[in-house]
Amino acid sequence: MHFFSDNATPLSPQIMAAIAGADRADHGYDGDGWSARLDGAFSDLFDTPVSALWVSTGTAANCIALATLCPPYGGVVCHEEAHIAVDECGAPGFFTHGATLMPLPGDGAKLTPGAVTDRLKTIRPDVHQVPARAISITNATEYGLTYSPDEVAALGDVAKANGLGFHMDGARFANAVAHLGCAPADVTWRAGLDALSFGCVKNGGMVGEALLFFGEAAPARAAEAKRWRKRSGHLFSKGRYLAAQILAMIEDDLWLANARAANGAAQTLAEGASGRLMHPVQANELFIRLTADEAARLRAQGFDFYDWGEGAARLVTNWSQDAHSVAPLADALRALDRE
Amino acid sequence: MHFFSDNATPLSPQIMAAIAGADRADHGYDGDGWSARLDGAFSDLFDTPVSALWVSTGTAANCIALATLCPPYGGVVCHEEAHIAVDECGAPGFFTHGATLMPLPGDGAKLTPGAVTDRLKTIRPDVHQVPARAISITNATEYGLTYSPDEVAALGDVAKANGLGFHMDGARFANAVAHLGCAPADVTWRAGLDALSFGCVKNGGMVGEALLFFGEAAPARAAEAKRWRKRSGHLFSKGRYLAAQILAMIEDDLWLANARAANGAAQTLAEGASGRLMHPVQANELFIRLTADEAARLRAQGFDFYDWGEGAARLVTNWSQDAHSVAPLADALRALDRE
Amino acid sequence: MHFFSDNATPLSPQIMAAIAGADRADHGYDGDGWSARLDGAFSDLFDTPVSALWVSTGTAANCIALATLCPPYGGVVCHEEAHIAVDECGAPGFFTHGATLMPLPGDGAKLTPGAVTDRLKTIRPDVHQVPARAISITNATEYGLTYSPDEVAALGDVAKANGLGFHMDGARFANAVAHLGCAPADVTWRAGLDALSFGCVKNGGMVGEALLFFGEAAPARAAEAKRWRKRSGHLFSKGRYLAAQILAMIEDDLWLANARAANGAAQTLAEGASGRLMHPVQANELFIRLTADEAARLRAQGFDFYDWGEGAARLVTNWSQDAHSVAPLADALRALDRE
Amino acid sequence: MHFFSDNATPLSPQIMAAIAGADRADHGYDGDGWSARLDGAFSDLFDTPVSALWVSTGTAANCIALATLCPPYGGVVCHEEAHIAVDECGAPGFFTHGATLMPLPGDGAKLTPGAVTDRLKTIRPDVHQVPARAISITNATEYGLTYSPDEVAALGDVAKANGLGFHMDGARFANAVAHLGCAPADVTWRAGLDALSFGCVKNGGMVGEALLFFGEAAPARAAEAKRWRKRSGHLFSKGRYLAAQILAMIEDDLWLANARAANGAAQTLAEGASGRLMHPVQANELFIRLTADEAARLRAQGFDFYDWGEGAARLVTNWSQDAHSVAPLADALRALDRE
């Protein structure tokens, strides 16, 4: 059984159906009927006018968003373990033409308003130093923690007070919302967010994430983002297959149903590993203390996962799992404790 | 009936089957079993060791190829109507960090060795001028013409004599090879080519083109290309769905079968429009003289196509068509002449 | 005697005196008293509020200007023989992060409103094509011709009507104004210009050109330009030595006096070469028909100049010359005709 | 009296004489006789073949060096308080097209082999993470400390073992060598260094620093650096004035004489502030504990310097000072202690 990444999973049946449903002639690029429905569908979901576009990957979504929020000579405040800082091979520097990431420490890969404010204070306003122009957070974070609406809003206040754009990497946004139980609006634009990378692939999609812009500047930013999308080779000839997946993901709340399944599976594992947890389990990732010997024993039983440095491991659940299907691993974890 | 682009078509049934066949858990990115087979499959097809990687779009394939062949301070000789020069929103400048396209005129969007050589002679070798570092051609060209193996080899000789990289945009490579009847090797590496964008999407695929490197430098260039792919946001989480499509395309020669169908349909149309042709018809595109009034009459009969400036139109056939299915348009074209 | 470039000349005595005058302690970068006077001095000279900054070279001035006027996905309409297109090793692509030059032909390296308008019409407004965002002209041109105030204004109207920024490479702006006899304002902001590279080095300076912004957007553009200047390594530690040179150049109209001397010398040569002129002589450059044999004979007499392709040569006069000092070359040219 | 920066000082008389000496016609750019002597002069000074070029500023020297050592997708290990990380407005990101700085902590702004090695170990070799490609150190550091030949060699060994380029920001290289008393070769190429920014301006020059390449790859890197220099607008029309300054700086060991004067002045101050030193004083910078009240009292006596956060100040001495001329400040510092 695979617990090494939600990338490994097959497609939600509804996604495969959506692909099949889009399999007829229409205009190319984003001139098709499915792409044309994105703005409306996300505006409904977020209860505000949204400018939405499909992009190919989370990296592209994050970086195109940052390119619209930060000039080449600007900086982006983020967590030092953020995906954009650690796992995108410098893609933000590529898309922004050399903007500077300003990484900060923080528990559970979460930024705090205090830490951001303190960092901003260190920057002289002269031309010798890179001025911060944006804040980027990940929700749920790289350690599976969520920012609540209040926490996002507190960072949104810092962004607003300092004239910074505010972006959220939502590769696991569905898992965050499923945990928080809030309206999508509450944890985004109502909290001051300008741009959201709305993840689909980890949640059962094949290719295609949505990049959303909120607020008055949204149409202008989306227009610019479409230039970046084309210029970076991300404007697919047959975009309808991406748009159709994204629409299927948000219709009938598939995104939340899938995220709830993954989160529920994670909770089941968390109970099995209750003495080993390195972080609270809120979304669909667990980070647990695990010796090399224990890891070997689990793998011998057919469980797959990543080591996370020495003496630790990362377990990721996904939409195709539920409490029942992950029970064997929960049991195996408990068994380790009894030995 | 759609004749405005081969982008509009649905998927080849074999491609849809390949997607379904890849719909099971495997490692993410390009760590899966399908991606691992690309090098071998293309090495067989081209009868030489090939380093192959999937990328999302033709623009990405072209530009990543150019980024490996040309430094930021270098230039790429291409046709002034090449897709990279006209229809990619400056993407080559983005991926190469500002390299300069050096566009040349030429009949049917084809470069000639003489024109290239003359252009190279105008460049002083001092640091004030941009040195040419690569040649890029499109085969079949933007006007549906093909470069024969001898024609490619003549340009390959110019490239070699001047120390230039040599790239081919093969968005319609299948249509070119189907017309030429040559071995894929003859019109590529045997003719001095370093890198090929091997198109799949216009030929019945959904997303995913192959980028191929030939020759001694191929492994190093492919390794670098993989960095660019990640850095530009083109490394999909679930790359197996792209790799599976590409493999399906070249297995059992689906790529050639599809291209032959499209080319055959184009020939049928060419017979119907024999007095109107602006270029010889070799691949799956026709450029014809057509008055606004004639265009309106065709559209009234349900035929869709692009105007091509004043008094002209572009018709594109595709894999899903054959002589039979396009006969109505051929007849309608003949009817125009009789009126 | 040197006629190959105005780069070769020594410094105007006033410039050397200005350097010596700045040789005392003051704040670094542009925090000194000389730099602080630039805005005021140029505002006086141009009879309008000007935002001015020193930069190191004409290439830097041109490219920083373009970076403030054109986004990476935009295009700059210019002449195909413009210095930015031909002699800056792709520097505009570097500073603009890959914006596209859109070169046009035209007599004497001059753009015409008609040619620009025709070019703009070919650009589809979709995301596949690069949108023009700026026009750049050189005055005096690379062939020593000037744009009159009316000619600049006609291009300014095209820029305004199409929402384009408008830049002038004024490496030889002084020579142009000296020829035209107009107010500096007439051929710049009154004609719709947004940014001017005001050349000093070819006109007797050592290092340092001025980059000027006009109009409402000037302060914001200058602020951004100062970021680019630092970021591109052009913010000198001891900027006072540059600022002092520039101030000396415009005080007491040294710039015009020097340009008039150079232009006058060129007229003297033009009389000597009246049957050989390939372009009218308006500034300080002559392009003349000259066989290889004739060139050799002139060089044997100690005259230095560049060949300009086959059967032609370029002669450049400079501030340190006058009619008297160039008379020997004028005579030698006449002598060629008599032989 | 100015102690806020060595940027504030006037020119060494020898430098002014060199400028005057270069004030005659010669070829433009770097085609003149002075520029042609740089390779030889630095090869003599460093006792090995050196490829040398003048550039305008230290930022340009550092960033052009890094552009030749690190690809856009690579990383540069440096100190978190390095000038390139803190005070160049992201210039390394501009010149390298988005390469990633990898800042490390360390006492006195010094990197240690252990810290570098530990950092390198955290980087996975996959395409998701930025690979380190270069190490950059500053000697003397931003806190006025020096790396000894052994310390540089230890870092050079790390660089070599990991296939990294090795660069030194030598804005105050003269001060470092004057303190160390070693041969220039010992602390550079003999210790594994590939590229050195050899500072002149802080040491009595006007404009122009030297960028030096060592080792087998030096000619190729210098050739590429000359492309970057032109492309970034740093190839001055009248480069002879820069080359002449640099030659004057190294002839007759002016660079060392000036640095010894500045270092000596710093030692005198260090004695006066012996109870306040935050770092050992080795070059020409002092960082001292100083209350706001004490700072005000010193300023009231006419001493100028920068605050360095709360309760601290930075004092910089320069070539124009000696023990005698700074004695008043040393006395004033002692007086503070007695009060």
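Annotations
In order of appearance the chains are A, B, C and D, and numbering begins at 1 in each one.
Heads up, the rule we're going with is that a residue touches a chain if its C-beta (ideal position, glycine included) is under 8 Å from a C-beta of that chain, and two chains touch if they have at least 3 such contacts.
Model, not experiment: these values are computed from the prediction.
Here A-C and A-D are compared, and the pair linked by more C-beta contacts is A-D.
Comparing B-C with the candidates A-D, A-B or C-D, the pair whose contacts agree for more than half of the residue-numbered pairs is A-D. One finds 34 Å separating the Cα centroids of chain C and chain D. Between the CA-based centres of chain A and chain C the separation comes to 50 Å, rounded to the whole angstrom. Taking each chain's centre as the mean of its C-alpha atoms, chain A lies 42 Å from chain D. Counting partner chains per residue, chain B shows two or more touched chains at residues 29, 72-73, 88-90, 94, 97, 127-128, 227, 230-231, 235. The touching residues of chain C, when paired with chain A in their complex, are 29, 71-73, 97, 127-128, 226-231, 235.
Chain contact summary for the complex, chain B toward chain A: residues 2, 4-5, 7-11, 16, 19-20, 23-29, 55-61, 63-64, 88-91, 94-95, 201-202, 206-207, 227, 230-238, 241-242.
Partner chain B is touched in their complex by these residues of chain C: 72-73, 75, 86-90, 93-94, 96-101, 127-130.
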